[in-house]
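Okay, got some structures for you below.
Here chain A shows up in two complexes: once beside chain B, once beside chain C.
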Partner chain A sequence: MNEKKIHKNKWQTTIFLLIIIFITYLSTAITDFNFIDSIATIPAAIGWMFTNLMVTQESMAKMPAIMEKLGETIFMSIAATTLAAVVSLFLALLGSKTTKVNNIFSMLARFIASFSRNIPVVAWSLILLISFGQNSVTGFLALFVATLGFLTRAFIESIDEANQSSVEALTATGATYFHIVSKAVIPQSLPQMLSWILFMIETNIRSATLVGILTGTGIGYMFDLYYKSMNYNVVALITFTIVIAVIVIELISNKIRKVIL
Partner chain B sequence: MPLLKVEGLGKLYDGETKVLRDVNFEVEAGEFLSIIGPSGAGKSTLLRCINRMVEISEGKVIFDDLDVGEMRKKELRKLRTNIGMIFQHYNLVPRLTVIENVLHGRFGYKSTLQGVFARFTEEEKERAFFLLDKLGIAEHAYKRCDQLSGGQQQRVGICRALIQEPKLILCDEPIASLDPNSSKVIMDYLKQISTEMGITCLVNLHQVDVAKEYADRIIGLKKGEIVFDGPSKLLYEDQIENIYGIETRELITV
Partner chain C sequence: METSQAMNQALMKRKRNGQINIKSGNKIDSAVKWTIWVLTVLTVISFFFFDYTGLQLERAITETAHNLRVMFLEPGLSHFGWGEAFYQVGITLGLGVLATVFGAIIALFLSLMAAENLSKPWLSKTIRIIVAFIRAVPTVLWVLIFAIAAGLGSEAAVLGMLFHSVAYLVKAFSEAIEEVNPGIIEALRATGSSWWHIVVHGVLPSTFTYLLSWTFLRFEINFSVAVAMGAAAGAGGIGFELFMASGFYFDLREVGFITYAILIIAIVLEVISTRLKNRYFPSSVKA
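After this line comes the complex of A and B, so read on.
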């Protein structure tokens, strides 16, 4: 009986694998994507990268301008994240099961959060581009809205996870809502929340580049400009600075995280 | 006049699951009363009906001549300052210090602003240290609560309840997550509180022997109904069997 079962399981795995291979083959056939050909182009592509995407002496002259734009992008991401964090905190308090004021506000907060979260940041920038035009406000708002949704969701979870029991205890002592929020909920969830905010700042610096390409601001716009004018040396330099900036910020926030947690 | 009077108390969850049915009892000031019964008998719900942490579905709870079920927000707050509560999992704020957690017990007397900005008077702080000293944990006052052992955390919980200057303390399984040694320490302190300070204690327990040793009076709860109410020494084997069911007794003896 048991042996039969094992045999059956083996067969299932084999059949499953065959189906996957078949689907892969079918989709490459439909889309005219040739696996062998694409692998064959890799050496050539790498060769192109090495010849064109080299940082040269002339491109280094653009460094001050790049740094300025990079700084602008980083600060915009930080501003968008921190501002969104403040709003998210209020939404999360309303939305959380432990600290909700009533069900209507809770539903509303959760709705706002999932609505802004489920539209990707790229879509937000394009939507806002139409209404706000090509300027830094658009980029800021796109990051703000996407961050708002994510942070609200994360904060709700931090609050629910850490506080049910102490909220119950403080309610039983006759504490008011604001006592409970300020003296039990926030002290207990703050490290977690800060950690999420740091994570979101990192993510937003990455997405700010993409948002910048779309909305014409910051380092993303610069990237787009030199890319379109085929000045690949500068493009390489910009890419490197972005990568280094992201790594540095990640290191910093890991340090901060170690201290607060 | 009894301090607490429970009349025909019933509790329904979701309008159908009946957790408590027609519970009647009275508690005199200064009594040390234990409520025993198997898990799911409704012990926790019964305690939480008294300070209305859960809403009352049927019947009445009268505390200090006031109807708990009829209270509005402000009166309810006042009621809760008069009733301390101790929990199985201590329910402290783990990241805050011991002394901060103890002072949380004063929030019932504070306005919102006073509480948010932690404006505690000198007397309150002195009282907090006095209580910590009394429970033997004064040396840990500035430690974070998550650095303390379970027994020490429960003592912080007791201090938080005592600083409320309550007339009644509700203890929901205070020793269920503690080792035998710490359990004894906690139960001794609770007993001491009731005899020295004259504070009435209502203790939920599921260890019958502990209840018999410490409580003056025992209430046995089974499927939401009172099946025993009397002095501890009158609780005999057959009544325990009735409360817990025969199967449980076999489990214990094995």
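After this line comes the complex of A and C, so read on.
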């Protein structure tokens, strides 16, 4: 690297930083964000958390109800992820370059995936809430649609990344499409796909809380209820149970990932 | 003769009827199989745990189909104009930008302390545990908790999103920093350079583009989080309008318009981040 290039790089970095600062400034202006105020609230907020977010004996009495709702939320996200994975597998097979049937289906599969992925889960849950009402099915469907889009993209990537030689070898022996898919494509990309499914279950438990607040189901609804009635001890308990559930699931899936990848 | 027979027996497992078992059970296959079985069983069980109050499936499906048709084929605005729509989208983008920029700056410092090759083991462990805890709490809950102390508004939303962004980016950044060629660090250490010298001249130049790409990926996530915060935590922006349009006015055309607006921005962000990913992450990277 000669002197001139270093100079040019320095200029580029400076301009880049200036642009970022400008965009940040613009954002503070449009959102009415007060930097000083917000820094000042951090210690206050943390102090508040330590004094108010305490689990007391009384709130422990709510534990069975919380566990039931938490169970519902976990089951909801696992069911949504698994079923979405099955559908995504078909969409991914249609969409991937290696296994596509024809270009029209491939385009269609990619379009469905992009459409369902890029509309946030909030929008899906609000749309579904209108006619499905306040129950688990609404949350399940919202998670299902959002997961479908994400997993299809991930699966397409894992199929495309898989080694082509076994596909070629099977094609040469005159194997049918289904043989190629079931004996060459799926066995190779299955561990990768499972890893994505596990990742999505973790993410969905967190999103399920959000969906729950919006659609009035599961642990999110319970949080919202006690949050609005300002019973912060129960709020703390609910938060801790969610944290423990998420961390346990993360640990389990890390263990599985270590074995299969 | 006998030895070869013994070897045969050791190598080939036979089924009870004498057939040679061609699938040798290895650990990976059985783990994959078990995971799939467990997930399938859990999925089936979960449908018995669902709460089906007030669900009329047939009516709901036909109604949703009708709603989706109205939303996506006849989008329109009735409660606010185009200018207001752009302004609200701007607010949501702004919330995302603020959380991402501040998050990246804080995460950079924390990740230097969390990276095992630059820091002491106890420090890196402590930060990792705290970060794992913060990441496990859903972002909405952070925002709602901050809303009590800071009041509803952009401050609470940005702070809540910031917490989660920092936790996410610290994990990504510290993993990237740990992959820095140890030779570079060793060479700088041998010359007697200080910790700051190592960071500024050794670590940052070789990871900078990587860190930037991660930051942009986080921005993509933060945009959809900002939409969610508007709807669930009253943080304003397009998410709040979406919540009002669907929950209070029942105006499907407006819901459709807002959904299109979100969709367009999300697709633009996705295209940019896919390009960044293909350029800077040659192998697969978890989002």
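Assume the second predicted complex is superposed on the first by the 227 of 261 C-alpha atoms of A that agree within 3 Å, B and C clash if a C-alpha of one lies under 4 Å from a C-alpha of the other, contacts with A are read in each partner's own complex, and residues count from 1 in each chain.
As a working rule, contacts are C-beta pairs under 8 Å (C-beta built on N, C-alpha and C of every residue); 3 or more make two chains touch, one makes a residue touch a chain.
This one's a predicted model, so the numbers in the text were calculated from it and none came from an experiment.
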- Query: Given the superposition on chain A, are chain B and chain C in a clash or a fit?
  - Reply: fit
- Based on the superposed arrangement, let me know which partner A:Glu168 touches: chain B (first), chain C (second), both, or neither? first
- Task: Check the residue A:Ile256 against both partner chains and state whether it touches chain B (first), chain C (second), both, or neither.
- Result: second
- Query: Which partner does A:Leu194 contact after superposing on A: first (chain B), second (chain C), both, neither?
  - Reply: second
- Item | Which of chain B and chain C A:Phe90 touches, first, second, both or neither | neither
- Query: Which partner, chain B or chain C, touches the larger number of chain A residues?
  - Reply: C
- Query: Is A:Leu53 contacted by the first partner chain B, the second partner chain C, both or neither?
  - Reply: second
- Who does A:Trp11 touch here: chain B (first), chain C (second), both, or neither? neither
- Item | Least Cα gap, in Å, left between chain B and chain C after the two complexes are fitted on chain A | 7
- Query: Where on chain A do the contacts from chain B and from chain C line up?
  - Reply: 191
- Note on the structure: Touching chain B in the complex, chain A uses residues 165-166, 168-176, 178-179, 182-184, 187-188, 191
- In the complex formed with chain A, which residues of chain C make contact? 27-28, 31-32, 35-36, 39-40, 42-43, 45-47, 49-55, 57, 59-60, 63-64, 67-68, 71, 87, 90-91, 93-95, 97-98, 101, 132-133, 136-141, 144-146, 148-150, 153-155, 158-159, 224, 227-228, 231-232, 236-237, 239, 242-243, 246-247, 250, 252, 255, 258-259, 262-263, 266-267, 270, 284, 286
- Note: in the complex, chain B contacts chain A through residues 51, 53, 77-81, 83-85, 87, 89, 91-96, 100, 104-105, 107-110, 112, 115-116, 118, 157, 160-161, 164
- Message: Show me the residue ranges of chain A that touch chain C in the complex, using the header's touch definition.
- Response: 20, 23-24, 26-28, 30-34, 37-38, 41-42, 44-45, 48-49, 53, 71-72, 75-76, 78-79, 81-83, 114-115, 117-123, 126-137, 140, 157-158, 161, 190-192, 194, 197-199, 206-207, 209-210, 213-214, 217, 220, 223, 227, 232, 235, 239, 242-243, 246-247, 250, 256, 259-260
